[in-house]
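Two complexes are shown next, each including subunit A; its partner changes from subunit B in the first to subunit C in the second.
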Partner chain A sequence: MRLPVLNKSAGACSKSPRPAHPGMTRRSFLRRGAVATGGLAALAASLSPLRDLDGTDSFSVQKFLQKHYKEMSPEEMEGALDRIRSEVERRYEVRPEIRDIKAMDGVEFVYALNLSRCIGCRKCVHACVAENNQSRDPEIQYIRVLEMPRGSIDIEDGNHHYDRPTVPAEGHYYMPIQCHQCANPPCVKVCPVEATWQEPDGITVIDYDWCIGCRYCEAACPYWARRFNFSKPSLPKDELNPEMSYLSNRPRQRGVMEKCHFCLHRTRQGRMPACLEICPTGARKFGNVLDPESEVSQILKSKRVFVLKAEVGTLPRFFYYFDERDPFSQMTPIPAGTEGGS
Partner chain B sequence: MTNPEAPSNTPGREASHASPSTGAAPAFNPGWLLGLGFVVLACVFWFSSGGDPTPGAPTPAFDVALLDAGQRTTLLTDPPTVLIAGFEQRCNACHKLFESDSDGTRPLTQHGHIELAHGLNDRCSNCHDRDDRERLVLHDGSSVPYAETATLCAQCHGPVYRDWQRGTHGKTLGAWDLTSADAQRLSCTECHDAHSPAFPALHPLPGPNTLRMGEPSWGGGHHGARNPLRRWADHAHDGAHEREHEHGDDDGGEH
Partner chain C sequence: MREYARFLWRCWRLSFHGDWKYLTWMFLLTVISLIGLNAYAKQLVYGLSTTGMTDHVSWGLYIANFTFLVGVAAAAVMLVIPVYVYKKHELHDLVILGELLAVAAIIMCLLFVMVDLGRPERFHHLLLRFNFPISMLTWDVVVLNGYLLLNLHICGYLVYCAYRNRRPTKKFYIPFVFVAIVWAISIHTVTAFLYSGLGGRPFWNSAVIAPRFIASAFAAGPAIIILTLQVIRAMTTYPVADKAIQLLRGIVTVALSINMFLLGSEVFTEFYTGAAHSVSARYLFFGLHGHNALVPWIWTAVALNMAALIVLCTPAARRLWVLNLACVAMIVGIWIEKGMGLIVPAFVPSPLGEIVEYTPTWNEILVGLGIWAFGILLYTIFVRITIPVLQGRLTIDVRYPTGKQQHTNKDAGRPATA
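Showing the complex of A and B:
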């Protein structure tokens, strides 16, 4: 869309080296001039990202000097949180309740999803967006719901662009995919700066202030669970969720990765993830796998669960299962007029 | 990434225009081209930066009110009442007065909104106590209060009831630690209408609009090149798996 402008300036540039009566001094003068112009323009171009910085963007010395999450002392973390608080307040006019919430002892989170129940309504997708302050435009969604032809569990047969008057559609089932919080995460291994790592409770997190945006982790993830902020995230002020934590849903900046973190600001305080609470069908299950009485432990014990792409060795903490069909609903009706029951 | 066409095409075009004319002037120093190249590049970066580089369709707007779990809230509590002509009435305010035994086999005049679509289970008295309409009834004739509908459903839906008890059917809100006071498991009738229990179909909320996520028309014809999931296709496609699923010709091009 900006190409006409470009062509005009390029044309102007290319005329200057060929004057009507070239003389040596004049030519060298022009040459030097052209090189200088080029150098200046290149310098300007290299600085041009700064143009995008307005008052709301954080380009503070404090942030520049901030340490890696794991190396920050409690006071330094408090300082970082204060900086984030004032940045968010400046930009969204809301004072966030941001904390650094640590993993709980004796807890390892696991997710299970009942494919017999999911109907593909995508409420989880949008509840997640609202909870986790994802960018609305350009749009970032952590959960992707695949519409699968019945009989296949090959996710390559899935379609996530389905749009129908109503779901579920005949002959299909639905498979939501989000970060699987692998026990052997390829994304963590490829990160050149250790901006993403696995926490003791199994959640793989990202320090958005440490991420350099190289997108290696995005390429390494076999589940396509990581999202990149190509441009400055935008969300309406009144839709900001002020309940935040450092490693989860605080607002992100352009050029960093983000992904599902099992709503750690909720789950590390005992609550359920937002996608589970919104699910009208109850297909989503979450809990502590180290507790033998938890719902997820019961599922791992009593259902035939599977993981996606088990062959790539990522050891996901996100399990799928099907129910056996309720035998009662396969019975043939008693002819009308006959007395049924006792 | 930024505007993929512009940076790669334009300098190339520039170079091919320039070279024939420079060939005509023997004393010409190629350093010119370098300077020129910088200028052009700088122009390109300058004018193309700052735009929105994410290819995407317009973000669809949807009513945030649609973001509710759709739980049924009209549950009966004990003592149960119904709204008759704007007044709350106990069941027995009427049912103590007269014997009625329609049993769902003839059209109802009073509880007209009830449509029984529960398969074989087509008698009101399978669930409602004939002697006391304020209670539900089990097969053995004993009665249960409305607050314990799960016991009623359990008689005929054993496997699902067992799943519900374990927490694998239905939903628990509030807390993942079941010993916590906040953990609250929904009862059957918070999701199912006891009279027509099939789960209703819903309108799906908008899907992803980012074109990077694959063609919207994906699924017919050539799904492939832009589908990030297919990056790992070599792993997913070896062995017995390939034989199991008939992929048709759309796979042929890629392997």
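Showing the complex of A and C:
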């Protein structure tokens, strides 16, 4: 039906010296060329900032094809670790000790924090940054210490930015807050790509190579425990902690989430978290809640512990308590009144 | 198949042709889109620190616009329902214009999500480990892309049939139309659940968010369609009946009143109980400890919406210029209320009670403007192609617009001079 039309124009072409396409004159050809060239030049100009893309964080086929943590075979994990090793070495001139340290059987980690002892010195905050290779500028901190006025347990009364020559201040107590490693973690639920999950020992971890940076988990967390790398993390070479693991403190990239992981590269090998080790008052207690003899098990049994924001139903593994022993555990039971009503 | 490729090629060619107004408009939109692309290139290099977002306010302008545009996309059904459910067939062709608006809006939504990602090059991870049905964000990915495909199919099929001078076969599009009606509600409900499902954000954790989203979408969306239809009427030879616009006016009036009612219920519950949960609302409406960046915005929104509602309820709104004024007021009002007024205050104060305010940076604003310009550019092209096809001036048999014919047919982009 349409073919004759085409043939006609082809025929016209063979007979006449005019340009082949009836719509195409030299002038319109030049004009179209100019428009197309101008358009491409404008496109190139608008993309020109990409020339400054960071070479150390650029696209590579190996990174692009790397599988999700849970899908990697041991060999593939070794390949990924090798890549990370050479990347760290190139950037920090230090050969890191990086491994993929797995959770131990029969272990569920729990933290207990003695609010009677904490003096708000913030040593834990900085020990954490040094241990976990966070960005120094802007500094990313996993622990936030609130200075609370006595008589209140409402965190909205807390002062985040207290700056005193000495601590503790009269009439105040201190409440450090970090990831609560919830048993019902809202951050894990919302992640669209399963880049964050709960490990068998209760630690919620992130695969930094899988996170797409949508920050939904950051919006979901009721404890403000998650941090995003808005810019490229900056970490001086001499401050790098070379002892690292895949799911914890290896250097992060721009555009991914990170958070407290109970120093799993230490705690899964029988050591204590950095924040606990540095604490000068012994306010921090950490251990395996499945072991009835552990200190945390004893604390959970004998102290009046509480969790933050119990009403949001996240079931934290981070408990707070004050120092008094639970008086009821010492008492002889007396008969209770009968249930009221008629 | 070859015929279809030829159709697409002719559409592509056609989008570069038009009168000077059309070309200037397209040039302007292209320039703004490219400025936005430039700003996004900077963001790719330096990270999201080029935006005003922080660990405290971790979603901002991008997600606000995303939320608003999902509503615009959902509102396309407000043209579909009268036609296919209540059989007002004189509006039939307008449905295509409404659904094309939905297509453009969804593309803008997807772009706003993409620019919000810290690692956009890992987008394929969604395909490899899709946390469905646990994460509401995966639901959103499913319903938004599904809605895009549905509308592309319906519009594409109807327009291509018109191009081939065929009668569309009902079973190839009517079932999809009805699915799309339900689907439109779902895209906005799921987007609302994205927020209301977070127990740690009391400001969002409210059952009224989803109904409020739907109501405000069915007000702002048709308001945009009212304005768009008049632009199309003025700039092309396409006859848009006043009846269509007056029908939309009714829809807008009802939807806006429902929206104001739901907003009122929300405000009452927040403030009358005076519980700790109302801090974000207090920040939004009155400011908190001297921080009041959003206060002027939300009161502007409330004033604009109230004014629009009052005007719409009077007979004066039958006059087009009054209606247009009300529509503009309402679109701006709802954009503020649902964008910045809903996204930002949920982050202030932070879950630990810290107050950090949010102001978008210029780079962020330019990226946003670029996406809007690109979306409007797409919609302009859609309309540019669809109208001559629907009018039978661009069909398989009509060579258009090449050679000498170009001069006579070029008037498609110009108001009829009669």
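Methods note: the second predicted complex is superposed on the first by the 268 of 342 C-alpha atoms of A that agree within 3 Å, B and C clash if a C-alpha of one lies under 4 Å from a C-alpha of the other, contacts with A are read in each partner's own complex, and residues count from 1 in each chain.
Following the convention adopted for this analysis, a residue touches a chain if its C-beta (ideal position, glycine included) is under 8 Å from a C-beta of that chain, and two chains touch if they have at least 3 such contacts.
Only a predicted model underlies this, so the values are computations on that prediction, with no experimental measurement involved.
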Touched partner set for A:E89, first subunit B, second subunit C, both or neither: neither
Contacts of A:C191 with subunit B and subunit C, given as first, second, both or neither: second
Subunit B or subunit C, by number of subunit A residues touched: B
Which superposed partner A:E97 touches (first subunit B, second subunit C, both, neither): neither
First (subunit B), second (subunit C), both or neither touched by A:E78: neither
First (subunit B), second (subunit C), both or neither touched by A:V312: both
A:G282 touches, of subunit B and subunit C: first, second, both or neither? first
Contacts of A:H68 with subunit B and subunit C, given as first, second, both or neither: second
Interface residues of subunit A shared between complexes with subunit B and subunit C: 1-2, 5, 35, 39, 42, 45, 48-49, 52, 138, 144, 154-158, 160, 222, 224, 230-231, 309, 312
Touching residues on subunit C, where the partner in the complex is subunit A: 16, 30-31, 34-35, 37-38, 41-42, 44-49, 51, 53-56, 58-59, 113, 116-123, 125-126, 128-131, 134-138, 141, 194, 197-201, 276, 279, 346-347, 349-354, 396-397, 399, 402-404, 406
Residues of subunit A touching subunit C in the complex: 1-2, 5, 21-23, 35, 39, 42-43, 45-50, 52-54, 59, 64, 67-68, 138, 144, 146, 154-158, 160, 177, 186, 189-195, 210-216, 218-224, 226-232, 253-256, 309, 312-314
Residue ranges of subunit B in contact with subunit A within the complex: 1, 6, 10, 14, 17-18, 21, 29, 31-32, 35-36, 38-54, 56, 59, 62, 64, 66-71, 119-120, 122-123, 126, 139, 156-157, 159-160, 163, 166-180, 182, 186, 191, 199, 201-210, 213-219, 223, 227-230, 232-233, 235-236, 241, 245
Partner subunit B, residues of subunit A touching it in the complex: 1-3, 5-6, 9-10, 13-14, 17-18, 31, 34-35, 37-39, 41-42, 44-45, 48-49, 51-52, 114, 117, 119-123, 125-127, 130, 136-139, 141, 144-145, 152, 154-168, 222, 224, 230-231, 267, 270-272, 276-282, 285-288, 291, 293-295, 298-299, 302-303, 309, 311-312, 321, 323-324, 326-329, 331, 333-334, 340-342
